[in-house]
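Starting off with a structure, shown below.
Chain naming follows the written order as A, B, C, D and E, and within any one chain the residues start at number 1.
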Amino acid sequence: MSAMLALKEWLKTIEIKKKWYNFSRSPLSLIGLAISLSTIIMAVFAPWIAPYPQHAGFFTDFAHAKQPPSWQHWFGTDEFGRDVLSRTIFGFRYSLMMAAVVLSLVVPTGVILGLIAGYYRERWIGKVIMRIADIFIAVPPLVLALSVCSLLTPSAFHAMMAVSLMWWPWYTRLLYNITSSVKEEYFVYAAKVTGASSFHIMFKEIFPNAMGAVLTKVTLDVGWVILLGASLSFVGLGAQPPTPDLGTMVADGAKFLPDYWWISMFPALAISYVILGFNLLGDGIKDAFEG
Amino acid sequence: MSKEVLLEIKNLHVGYKTHMGVSHVLNGVNLTVHKGERVGVIGESGSGKTTTMKSILRILPSNAIIKKGEIFYKGKNVLEMKEDELLNLRRKKISMIFQDPTSALNPLFKVGQIMLDIIKYSYKLEDEEAKEMALKALKEAALPDPERVFDSYPFQLSGGMRQRVCIALALIGDRELIIADEPTTNLDVTIKAQVLNLLTSLVREKNVGWIFVSQALGAVRENVDRVYVMYAGNIIEWGPSRKVFSNPLHPYTQKLLECVPKLTGKEFSKGIRGRIPNYFKPPSGCRFHPRCDYVLDECKKSVPEAVEVEHEHFVACNLYRR
Amino acid sequence: MEDEYILKIQNLKKYFETPYGTVKAVDNISLKVRKGTTMGLVGESGSGKSTTGHVVVGLFPPTSGKILFKDRDISMPLEKRPKDLKRDIQMVFQDPASSLNPKKIVRDIVGLPLKVHKMVETREELEEKVAKLLEMVELPPEDFMYRRPADLGGGEKQAVSIARAIATNPSFVIFDEPTSALDVSIQAKIINSILNIQREFKLSSLFITHDLSLMRNISSEVTIMYLGKVCEIAPTDVFFQKPLHPYTQMLLSSVPVLTEEEEKLKPKGITSQGEIGSPINPPSGCRFHPRCPYAKDICRKKEPKLVEVEPGHFVACHLYSER
Amino acid sequence: AVQSTQKPQPQKKRLLRIGFAWPTYIDPAVGSDYSSSTAFTNLYDPLIFPGDKGVPKPWVAESWEVSPDGMTWTLHIRKGIKFHSGDELKAEDVAFTIHRLLTIGKGYAYLFTPYIQNVTATDDYTVKVTLKRPYGPFIATLMRVYVLDKNVVMQHIKKPGPYGDYGDYATNWLLTHDAGSGPYQVKEVVLEDHVYMTRFKDYWGPMVPNAADEIQMLALAQPATEKTLLTNKQLEISSQWLPEETIEALAKESYLKVSKFPGGDEFYIMMHTRKPPLDDIHVRKAIAYAIDYKTIVNQIFPGNPIATGPVPSYLPGAAHNLPTYHRDLAKAKEELEKSKYWPDIKEHPEKYTIDYHWIAEVPAEEKVAILVAQDLQEIGLKVNVVKVPWLRVVEEMANITTSPHMVSVFVAAHYPEAGSLLESRYDSKSADTWEQNEWLLNKTLDHMIEDALSTVNTTERFKKYAQIELAIMKLCPSIFLFDHMIKVVHQDYVKLPADEGHYTGVMGYDFDGRAIEVLSTT
Amino acid sequence: MRAIWKYIWKRVLYVIPTLVGLSILIFILSRVLPGDPALMAAGPNAPKWVVEQIRHQLRLDKPLWEQYYYWLVDLFHGDLGYSTYTKRSVTADVIEYLPASLQLIFMAALFEIGGALALGIIAGRYAYRLPDNIVRVIAYIGISVPSFVWGLLFQLVFASLIPLFPTHGMYSYGTVPPPRVTGFSLIDALIAGQFDTFVDILWHMVLPAFALSLGAMAQDARIIRAGMVENTEKEHVSLVRAYGIPERVIFSKYILKPSLVPAVTVMGMDIASLLGNAFMVELIFQWPGFSRYGINVMLNKDINGIVAVVLVIGILFAIANIIVDVVVAYLDPRIGRRSQ
């Protein structure tokens, strides 16, 4: 029996190894992993990594405002005299937090609704769920998120709520599509014939088959949610200053283009950096699950 | 035999590059087709039949690597042919019927569009003439209402009709060799019989060379002059059809024939143990040795040479050496 | 007195509503399966074989008609079916590739029915039972227990499906073309284990196939279906000696054979022609008439009834009903 | 209208292109913001024109009398003023204009609804206005009555509308057309984008020699754009909200000039005197002593004079030599320690976190906010800085509970007199408006203000104002940061009266086409 | 062909309830979320009775269902209500601003499709080789850099460093806008025969349209490339190759067409990103279009304006998707023609 257990463990590592092999085959995936990890590390350890952590809070030093990039301030300073690099590092914090909050709300909701809708697609419950989801998808997410945010007081919290409100249907749709096709697979029939409960079939038989797709989408969505959050902030409906939010920093700094380009361009690059990282990572995860 | 040799495959080694490494699929395939001869190739799924056939026309997938070997068509090596020679070969000399008619026909084009393209590039004809030619071929393939078929998308046709369309394609012009790669696998029993009857009668009528690849041993037995048995990228036995089927020599061939259920309902075998080898690390020596009941020591070491056991009946097995 | 039939299907209809019309997949068929025997169900693709099987195991409720299992009416939807019936009736599906959940290991796949029916308590017990089942289908448990379907060959997958189907010790199993996607050498192996299991468990079964040669080796009775209708029912021996329905004859004549002996069994003078019609607009009268070389006027107008021409040999054809 | 297919040959014109923030509503009964008011000034004639430093100057109303009880004002209308339609401006038009304004109720109507009882044209050139109660600054408010051409308006009324017989009162039409007599008339209005006005040939009033042939008010939102336009000579005058950084950069160009003139407003930080801990005067004083006024006027809003009291120092009626606050951390701490909250604040500063709201539309306010937060941190007060859009601020300030602890706002006098600001900033009536966040609700002060405003005699009125101002300083309800100076960058070929030290301090009269010279043609 | 029309009709019918649902959703949100639109509309100094008047005008004093009912009734008369921001009918605003946005989005879509085809085909043709890798890098950059960052970058580069293209507005200063006939300034310029103006407008559209299209372009290029690579290995390609059709034709016909089907589907989604990103791009480039109007009504809490903006974009999106579906149906005969 112990030999068997050892074998089991071995097969498990094989499984992971295979995924890792598929993943690491493309150097782009590894770059993506590195970028994503670097942003996460910067976000988590911002107070230790940022050269001037106090610049993320209430700080002004007008005497040193708008200094171009230099050795003291790699990314220069902004109109308050704050270190742009430090604020950008803190910016990752807010961006990733936004992604984390939104996705942790949206993924379970969307997934469960999608499973139910797909599993009961012929019944009214499935139809109603999909009809409602359709309504939220009938408009580009940014437009609806903008209008909902505009109806609320602009704040990071409201932005997260608005984005979450827009986002769940994408998971519902994904799960709906997967569930509707997987539920016609013979292994689901077999489980039904045996008498397994609908709950078991949805969560133990069907859901594992959607795991890869969900994981891929979640990773890619980290980038998109950050983008959407940044877009909201850019218009002025997202996180509010002095929060070092990347979108807000870009928008605020845009006033000083082109003379003090570093105030907006470095945070803008930072946004692109995160999105790039999670995009590459997402594609890698997709390869890992599909390859 | 003094018959003119049409096609000769010599010691063909083909592999595939995949993310798991290189698979060594064909392991020295030798195959000869004479003019007007009907040759069968049998073997389990994955034994490399399609790979061999595609090599002949050089239409292997892009990840395939031809490692060694020659394919002579009327004495010219196909693998060294120039672009225009190759196109000429494909356009005028050899045609192929694919395994799965559904995936072989581009779903976004009407049957007629595909046929016209093929005819136009092969024969430089005007639309009118080309269409006439296409309709003639469709009629020959026993398709009722060829005009309608010509104007249909593949999905609008049944599986049997699709395969007939593929046969019609293969019949355009006067070919010297028709390769039929499991032309009936995905069809219903009754349709299978129909398609096979059609194909055999056409081949007979036109007296062209024919390679008939199939897993349906019965169908092969009934319709070919000579048969090649393929196992894991090797031709392990070949000879006149009657001889091979009535007196199989190789342990694999013997087992394979036993496995086929009989209409007479006699007890049939327990199958062949094990499965077809992994091509990334194929067994040394005779690739069948891990599954063979009569395995000898030398089987593990070297690939057995072919021996002519009876007239024109060859087998590559150590049991028959000396 | 106990009935000698384990399964009785009476006037079963199963229609599917689709955007293009009503598919009459199974249209008023009746058949009985004797205890401890295997009934073969043969027909071309689209003739309604799988649908019949699916209705019996409860995947779809019948449109009309009755299914009696051990004299209990089981023509209710699956949710309403008592649990013991779900344990007693099992099915092996057509396509090995989709029969196993690719995300689970063999132990959990085979163990699922055991868990659902609470036949095991601990994990050790589960593994033990699964190991036994795997042995029964000739898969060495130590090698296969923790594998995933992706690492299995087609035959091995089907063997796992069979192990799962017999896990709950059912008395009736439907085999839906369990080997049609497999190579002959593997088919032989699978059929062998099925035969062994049938013998060992005294299993009654419905064996769906389109391969008449295979049928000959397995079943004691044969039912031939065409476009949702039954054409002919007969004990296997009788059937091969005296195929009555023209469709049956056409099927038999289409079988490619390896030996002269077999050749003799094939009916002469009939060749395959035409294709199966659409189940949405089936041909009038006898559904086979467009392909039948003996078709007469009456065949176009009137649907033939299934009549018993000899004891146990039923046929639905105007050629025989005139008598 | 289909134009000729000929290529338009642009002839040389004196163009005056000015940047503004949008929206601009050119109907005087609708708009009341900076850009709208600028449009009114150029398209219409007001009854009274603000002279230097906002002193009322006869305009359409040539002269006036007031009844001894201060309840009835008689206005004599100037003869010979021609509307753009060609008709003469008559008393009837004036009465109609005021009626229309009061009926619609938007725009500057709020100045008149509380006082005006009735308006009648007694003859072609006389208008009689009856008030509800005596009102000292009445004449000054008439700078906001822009006279409309009754006939033209009546012609463009669409029915049905919300105003009964008057249908929509031509509000739709007047959004993109004018019915005025001003020196310019509407050529084209594209909402959200621009207002083009061309010179009205028959204008009756005085114009400077090189007045613009065409004024273009442009919606400009981005400093970068304005910068490009200014350097390309495609914009004569920048908008007034250019960031200091941009102004600095532009000031370096030889062909550009920076002009500075009072905007008539003061920048306040309003403190909620009913919300703990700001309900304690010591806390308020501590704050007043903690703030670094100098950095604000030197670094953030350079060039703005530190405020000397509750009203801008140049406003008619402003008091002088009031006691003021300045940065003194020791004093600030001392005051804070005197407060009843001190022991608790010391222990749990987060319990007394002060919400500081600043207005999203004015980005420079953020710097003040963060500086204040930094300053207050030094004396041990916690601040939560929140950026809030203008309309939201208006909404939250309407209610005593939703009003924030502190909010920084620019407030301008409605008419050029100290009384205007005193009333709108500190009277109980205005407590629920955006102009007061203090929620003083102080009866004594209310009486003093009412008394002052109903005093018709100007000198006496101004004395009363001074007493009120002193009282307010003692209460320390607000932080008086600075008297706001408007800064614009303009081409050197444009001559603004402000360059010669002339200004009105009345919103909308800064860019008066009558007085701006354009010395170059394009 | 009839089948296709039936299919389109079905799609349209399906979209209608969704749009109604959308209107209800946004209508309710705009009325129940905190904030008093009447107060905001009245302006900071308005007396109470004016606020009440506006409240009445906006029907905010009625129960919610009644508000919606009358809103619907008005909608059927082509009236989207009164805009508290522009102080006129929202319908007039839509008519005024929408064409400019459509024009811009149309141009962006042209860039998107053209660029995606070019990049995708090159990458697919030279799969796994240098051009493919270059395109891949371009695609990743295109996807990762938000459109508003492109916008700002272009502003930075073109406003000061290389002033090749104008960075704001629709016309150069001094250009006389053509008289409004269709509302589409490009068309109007042509009608008026102002060819210079036409070129001027085009010139102004280049940067915003490009900034807008880059992300979608990259996305589509990737899909096309993936489709090409996938289809190259298809059996039907082997078939035409086996019959001697030249590689050039195989590539441009038998591989390209099937690769376009998924790409076109994705383009439908990408139009969503165009419609969404137009909000930021119009803001940055001060394009006098509907999206900039959208931002303004949103920032001013003009509820009728917001509802209209969402609804109009919903309709545009639906139309775009239907067009995409039709194109897909045209490319892929299997769609919408299953029944015979």
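One rule holds for everything that comes next: a residue touches a chain if its C-beta (ideal position, glycine included) is under 8 Å from a C-beta of that chain, and two chains touch if they have at least 3 such contacts.
This one's a predicted model, so the numbers in the text were calculated from it and none came from an experiment.
Shared contacts of chain C and chain E, meaning chains that touch the two of them, come down to A, B.
Number of steps on the shortest path from chain A to chain D, with steps defined by chain touch: 1. With centres set at the average Cα position, the gap from chain B to chain D is 91 Å. Centroids of chain B and chain E (each the mean of its C-alpha atoms) stand 53 Å apart. Distance from the chain D centre to the chain E centre is 39 Å, each centre being the mean of its Cα atoms. The centroid of the Cα atoms in chain A and the matching centroid in chain E are 24 Å apart. Listed for chain A are residues 153, 236, 254, 257-258, each touching two or more other chains.
Within chain E, the positions touching two or more other chains are listed as 35, 155, 159-160, 283-284, 299, 301.
Across the interface of their complex, chain D is touched by residues 58-60, 62-63, 65-66, 79-80, 153-154, 236, 240-242, 252, 254-260 of chain A. Residue ranges on chain B touching chain C, taken from their complex, read 44-45, 158, 160-161, 188-194, 196-197, 215-219, 221-222, 245, 255-265, 267-272, 275.
Of all the residues in chain A, the ones that touch chain C in their complex are 1, 3-4, 7-8, 11-12, 15, 185-187, 189-196, 200, 205, 208-209, 211. Note for the complex: chain D touches chain E at residues 1-3, 5, 7-8, 10, 17, 22-23, 25, 27, 30, 32, 104-106, 109-110, 113, 162, 171-172, 175, 190-193, 219-222, 224-225, 228-229, 234-235, 389, 391-392, 394-395, 398, 414, 433-435, 522.
Contact residues on chain B toward chain E in their complex (touch as defined above): 54, 57, 59, 61-62, 87-92, 95-96, 98-100, 103-109, 114, 117-118, 121-122, 153, 155-156, 166, 169.
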